[in-house]
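What follows are several structures.
There are two complexes below, and they share subunit A, which is joined by subunit B in the first and by subunit C in the second.
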Partner chain A sequence: MLFIRRYLIPRLIQYVLVIFVGITAVFFIPRLLPTDPVARTIAELRSRGSYLDPASIDAMVADLTEMYGLEGSSFDQYIAFWQRLFRGDFGVSFFQFPTPVIQLIKAALPWTLGLLLVTTAIAWTAGILLGGVAGYFNRQGWSRALDVLAMVVRPMPYYVFAFILLLLFGYIFPLFPVAGGASIGRQPSFSWPYISDVLRHAFLPAMSLIILGVTAWFQTMKLVVQNLNAADFVQYARFGGIKERRIVSRYVIRNGMLPQITALALLIGQIFSGALITEIVFTYPGLGTLLYNAIMTGDYNLIMGITVFSIVAITTAILVIDLLYPLFDPRIRYN
Partner chain B sequence: MDKIILTTRQLKAFYLLDIHGRQKVVKAVNEVELEILENEIYGIAGESGCGKSTLLKTLAAVVEPPLRQLEGKVIYHINGEEVDVSTLGDEEMRRLRWEFVSYVPQGSMNVLNPVVKLKDTYHDFISSHVKGKSQEETFRMAKAYIAELGLPAEIMGAYPHQLSGGMRQRVTIALATLLRPKIIIADEPTTALDVIVQRGVMQLLKDIQQKLQNTIILVTHDMGVHANVADRIGIMYAGKIVEEAPTEKIFSQPLHPYTQFLINSLPKFGDKTPRQSVPGSPPSLADLPTGCPFHPRCPQVLDICKEQMPAYIAAAADHKVACWLVEEENGQAA
Partner chain C sequence: MKVLRDLLRDYRFTASFIILCILLAYSSLSFFSPIDPTVWVAIARDQPPSSQHLLGTDSRGIDIFWSGAFAIRNSLIVALVAGVVSRFITIPVAMLAGYKGGMTDRVLMFISDSFLVIPLFLIIVLLAVLIRENLSLVTLGLLLACFGWAWDARVIRSEILSLRERGFTQTAILSGSGTMQLALKEYMPFVTPLVFATLINVMAWAIGLEITLAILGLIKLDIPTLGTMIFWALSYQAILLGRWYWLLTPVILSVLLFIALYWLSVSSSEYLDPRSRIQRVGQSLRA
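This part shows the complex of A and B:
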């Protein structure tokens, strides 16, 4: 199979290699820092004024060293790191001691994925379709009106826009809850009251992401399509009397979406590191908030856990798009 | 007398440009009179920038700003009825395309949708004109036609980038002639191809014309191609047809000095003397000289050439030319 040999295998090798190098970097970079996490933790405890006798300090150093995975030489640590990684063990978190990192990620991931995958998909699809149609009919009044609208909305800083939404629909007209992923105390279940509660909480953050997302996709797609209007095959189809609906869908949008597919893949990869500002403005319990807290508290294991996660996610997204891309653009096929 | 299929009357199509507030008028098609017959190959020859492609655009009724058809008419003779193209609505015109008049573009490298297979492109074109055909029926129709033209049927499953330039041009010609149009407008159909492939492509066009007994309006600057395929030739200079005659007459007794230059610049077997080209360069269509536009380059220029544009003179029943010199000679002869 030519496809497997020429197309699939090189990409799989590349995929594994990129993940390997990325995770190796995640392992070594913190170790190059001049601070010793064990010494820092103990110093922190001491600065709080608690008295520690030397024997217990020694015991603590040993415990912490083990928890941080700092036993033995760098090479030993590296091997041990990979071994733990394959078991899905990222160690324990420090800011929520002693919860394992993997559990924290597992708790945060569904919120982030649910919110971001859905909003990205909606924003991308709507932006591509609107931009495609508006780009083809760019001389029409409604197309220009959309353009102006996008131009006004798009440059708004996200946090300002999100905050306006929150203020407007959470406070002045209290239609939607202002914080959280679900009402406090509600037990997760597959029942309508719980699902509708989650949807109500997700509505404002989702709207903020979708509205700004659509305008961004709209603008790029419209520009791409406006250029395509002058392309020979579009002009020829128009001259050949092909119906406009068909030209828009099969000629203009099919070709114009090619660069957008690549951009989408990169964006989907980034989803796995969370949408920090969204999650902070709307106090949404996702990966972004988790990562933010991890960084603020110097929680190495958690930072490493999330970083490894997003490395795998981004490379996987790129691999998947790489494999799917020939379906959209036959010129990329393995010949 | 052969039937006329397309007429133009005093056709004027100018580009109206507005460059930083300064109006500029590019007179690309200037008072062109054509009568093109059924079942003939009419060649239009001329240098780059003489308005050939613009003339084709107006003939095909694709006049989009900044191009404007200011005066004159393009008339299609559809089933014996005269139809002024400019009076047709969008939908009527859309239906005439491909069924009555179709178009083979210059170098078909990019006229086929790159992301779909050829059979889908064929389907798009067919289904937009023929009602109630399923995808399968259009495929069968396209395949049968492709086979009829002697092209391999497998290419229907290929993408445009998988074909060679010559094959792509052939596929486009097949696409353009699929619905058996009465008029095929071909704009430099062989320009981007090497000579061997050119021959094949021209042969294909000729075969199709013979089968369909329709009209081809062929534009190219290559006089060799004209000599091989055209029945009649119109020589275009600065937006005007300056001479029109059957192909043999254009080559054997060209009357207009510009035509003479064109013919004399062609290489001949056994003749190794250097060829002479037309002195100077073509005038800007935005700033035409007064009188005959060729007079600044004409070696036999007369005083009147600088003041007045000559009218057409019939040197023979099928040979007309716009030149004061011919006027002069005829006057002397008379």
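This part shows the complex of A and C:
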């Protein structure tokens, strides 16, 4: 019971509050700006050369005002906005006209989710293991070499790194397909040819996310473990004659891992943004590419939908990681 | 001088210092540029590198060498505006949260946590879509400043938390210095190195985001920046047409800039943190 009162309820309140603040910000920020989305859309239509007579402009203004949910006072709009969100209604897309935004998101989601979950899991695990071992044997040559390598890769932003991989393996050594999630015209099925095709297409985007992720986790883990080396329990284990391999796996990595779980929770938003950017580079058919198309076509509803959806998804993911944390840390007991 | 000599023992500091000097020298050439990098087709288009055009010209008839110089300058302007302005949010938030503690701390840290947690990239894109015509260098810098303060506020706050527990805080309070005075006179000197190290990180982040936004076509595209150079090279299919010098110039420049900024930040913050400094330079430094 203490667990629920001390930990779960405050955490849930925080969860709801972050979503509330985030979505409220997404609602109000555009309204604070001196641009009028309705006027903008009409200006864009005109600049593409279509002639509009005054009567049809008036009709359009009314339609667009309704579509953007701009009727009534800001407060009325805000209430209506939440009502629509609870129904899962993000409006319709302009870029694929009568298709509801939620449907486009649903179609893109499995790609992003697959890429994101697999690469984050691989990058986190590999980074922790590598960083742990390299941190424990930090005076060895290979450990230093890995450190230098990480120092070179780490500062790259997602876009630039993915782009370099695209140039290297897409054009200079054309080993992998550089666009799409599967070959065009191939029917989705649970057969090896289809799965291997999907994997081949996912290889470069996954690689760029994994390499960037591994270096980041490697570096933070190595730093933590280097400090653990001087800790009493490690010294004691060493004097007690426990095999080094056992010390690394059972004591050092186990302890150094815990702050990395918290770090994962804090960084998942950035990792998600990075995945979207990587998808854009490789035109991988997930949320990132959907976002790209929405930006290119000025599809405001779709951008808004993706943003709101992502805020909810990311905060939920963080909540799950936070709630699972006690399972990994035996020192935390709530009762 | 002694500080510089100690820092130069770190290969990362030496390398980043040299790279940054070269990049700064290159970008300051833009003040003496013979061409205006916003004017199209003033010279022949699609020239390969030659003695006249060191890195060739692009498909818009703009010299690549000179637009590279402008690009670094402009990207650094965005980064500096974002970095410096975000300090004006970071420092007060961190000081207030760390010094006041209690409810103030909880509320401020809740806000900064929300900034960390929410996928900021999407919100910045949402904003950039709405103001894209007006997104000049300074506005972009200001926009990024509004989002780039949260992490650093956390880092600096924890430093203040430990400073608050030290004896001199009590001495200062008992000798009658107010909160403002305490923050500026007593804490600022301790926090300054940290502010500097995090400033470099925010600058690198801002440059990366500028590139990403430019490639999405979300900033003013006629200003030469590292991002807009890549944008134009991509939109004229520079890879497929074999004009590698056009695309590689901004890519290599930005990679150098990222590595230099990151190494500068890591080496200087390691130097400032005595524990890792001892690990690195050995005992000799303490004497």
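Basically, the second predicted complex is superposed on the first by the 278 of 335 C-alpha atoms of A that agree within 3 Å, B and C clash if a C-alpha of one lies under 4 Å from a C-alpha of the other, contacts with A are read in each partner's own complex, and residues count from 1 in each chain.
In the analysis below, contacts are C-beta pairs under 8 Å (C-beta built on N, C-alpha and C of every residue); 3 or more make two chains touch, one makes a residue touch a chain.
Everything numeric in this text was worked out from a predicted model, so none of it was measured.
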- Does the superposition put A:R250 against subunit B (first), subunit C (second), both, or neither? first
- Item | Which superposed partner A:I303 touches (first subunit B, second subunit C, both, neither) | second
- Item | Partner chain(s) touched by A:F28 [first = subunit B, second = subunit C, both, neither] | neither
- Message: Residues of subunit A touched by subunit B versus by subunit C: which partner has the larger set?
- Response: C
- For A:Y236, is the partner it touches subunit B (first), subunit C (second), both, or none of the two (neither)? first
- Task: Could you say whether A:R154 touches subunit B, subunit C, both of them, or neither, answering first, second, both or neither?
- Result: second
- With the two structures laid over each other on chain A, which partner does A:F3 touch: subunit B (first), subunit C (second), both, or neither? neither
- Note on the structure: Going through subunit A, the residues touched by subunit B and also by subunit C turn out to be none
- Mind listing the subunit A positions that touch subunit B in their complex? 231-233, 235-237, 239-243, 246, 250-251, 254-255, 258, 328-331, 335
- Residues of subunit A that touch subunit C when the two form their complex: 14, 17-18, 21-22, 25-26, 29-30, 33, 35, 37, 151-152, 154-160, 163-164, 167, 171, 226, 266, 269-270, 272-273, 276-277, 280, 291-292, 295-296, 298, 300, 303-304, 306-307, 310-311, 314-315, 318
- Seen from subunit C, its contact residues with subunit A in the complex are 12, 110, 113-114, 116-123, 125-127, 129-131, 204-205, 207-209, 211-212, 215-218, 230, 239, 247, 251, 254-255, 258-259, 261-263, 266, 279
- Sort out for me which residues of subunit B touch subunit A in the complex. 60, 62, 93-98, 102-103, 105, 109-117, 120, 124-125, 128-129, 159, 161-162
